[in-house]
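Before we start, here is the structure in question, set down as structure tokens.
Note that the chains are named A, B, C and D in the order they appear, and that numbering of residues resets to 1 at the start of each chain.
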Amino acid sequence: MEFRIATEKLLPEVWRSALEDPRCGGFVTFEGWVRNSNEGQEVLRLEYQAYERLGLKEGEQILAEAAEKYPIEQAVCVHRVGELEIGDLAVWVAVSSAHRDEAFKACRYIIDEVKHRVPVWKKEHYVNGDSGWVNCEACATHAVTGREQ
Amino acid sequence: MKTVTIEYFAVLRECAGQHQECLSTSALTAGELFKELEKRYGFPELNSIKVAINDEFSTLNTPLTEGDIIVFIPPVAGG
Amino acid sequence: MEFRIATEKLLPEVWRSALEDPRCGGFVTFEGWVRNSNEGQEVLRLEYQAYERLGLKEGEQILAEAAEKYPIEQAVCVHRVGELEIGDLAVWVAVSSAHRDEAFKACRYIIDEVKHRVPVWKKEHYVNGDSGWVNCEACATHAVTGREQ
Amino acid sequence: MKTVTIEYFAVLRECAGQHQECLSTSALTAGELFKELEKRYGFPELNSIKVAINDEFSTLNTPLTEGDIIVFIPPVAGG
């Protein structure tokens, strides 16, 4: 079980060896990619920020919960922070287990909980020049205005 | 008066114009401290605000202790 | 949408480029690995056989069903046949979509249907020298006996 | 009598000792043909058997037609 926050490009090919296990018949991964639009706005690039000390503890906790709820063998989650472009890999979750059912369920549990609980924030930069912190009421354009002052 | 360290992230960092600061406050709880900072920096309206004290999730009505490291957590958006 | 049956080692790194799409924020994969035991017996290696002409049609049909049921952008499934060792990748399913929910559901749908409907058979060779076609009542050891005659 | 081609897979291939054969049969349906082959080759007990005729899933009570390509499908186990 391993949760990481990384500032460099994520390389699933490298991480996946940590999940290999001859007892496992099922391996499920989720990748969160930066997409070119969100809620109707065209996105140019993204910036992720993390409160790393608490984020790592919360992430480890989520992996431990997944392992307690489902009979899995290995689970890894890596979240990237910093400046990302469209198509970049922002988060990678991988689970291996004897059978596929628990791998699917645990992988879904981990990404859902990570998105809700790990202190990571995402600022979208839009094609029209605006930007905003996602989930933050009235924050779009606020940041831009703030910087212009 | 207690002296605490505040670390800022995301929109709060942009409003405060700094990553962290050390300040003396008469606020008794984390929630009172947030109101004080909100007034000073003009934080935008947030759907919800959480707080971590010394790198543990806590609650806004938790009393402040000398030397606390406080992080206010706007709605997260990982993944 | 692409369904393949392959006789060579599967290379997900190669196939995944077919799923990249700037509109997609979610990418889910399932890998089926050869594990070292099944129903209490220690497995040494596996042999997969496919009725390829019908298998390809059925596989394509399953991918089309997944795309109809869930708003996904891309889906690929590759099933390997031939002799496989423990840890080898037997089947790879990958789905990309705007949001994660449909990618998880479509990936699960595809692997479940492939396992039930695509005419592929698996013969397990056990550590104790027996072998048998999976799901085949009374087939374990039958094949061995057959060959020894 | 009709002449059909039968392709064998998995345990049926091992029992029949061949990948395919062409034979003349008096069986009227796919199911009758299966019974004939079962008797000849001593197929093991199977949980279920399906049939494909000319590379389409079909049913055991489908009448045979001259030149059909028949594949009997024991329980599958992909993945």
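Just so it is clear, a contact is a pair of C-beta atoms (placed from the backbone, for glycine too) under 8 Å apart; a residue touches a chain by one contact, two chains touch by 3 or more.
All figures in this text were calculated on a predicted structure; none of them were measured in a lab.
K.L.:
For chain A and chain B, let me know how many angstrom lie between their CA-based centres, rounded off.
P.N.:
Taking the average C-alpha coordinate of chain A and of chain B, the gap between them is 24 Å.
K.L.:
When the C-alpha atoms of chain B and chain D are each averaged to a single point, how far apart are the two points in Å?
P.N.:
73
K.L.:
Which integer distance in Å separates the CA centroid of chain A from that of chain C?
P.N.:
27
K.L.:
Pull out every residue in chain A that's touching 2 or more other chains.
P.N.:
Those would be 32, 100, 111.
K.L.:
I need the residues of chain D touching at least two other chains; which ones are they?
P.N.:
Residues 79 of chain D each touch two or more of the other chains.
K.L.:
Building nodes from the protein chains and edges from chain pairs that touch, which of line, ring, star, complete or other describes the result?
P.N.:
Graph shape here is a line: each chain touches the next, no loop.
K.L.:
Please list, in label order, each pair of chains that touches.
P.N.:
A-B, A-C, C-D
K.L.:
Note which residues of chain C are touching chain D in the complex, please.
P.N.:
Spelled out, the residues of chain C in touch with chain D are 32, 48-51, 53-54, 57-58, 79, 90-91, 111, 114-123, 133-139, 142-143, 146-147.
K.L.:
Residue numbers of chain B touching chain A in their complex, please.
P.N.:
7, 9-11, 13-15, 44-47, 52, 55-57, 71, 73-79
K.L.:
Taking the complex as given, what residues does chain C use to touch chain A?
P.N.:
For this pair, the touching residues of chain C are 13, 20, 22-37, 86-87, 96, 98, 100, 103-104, 107-108, 111.
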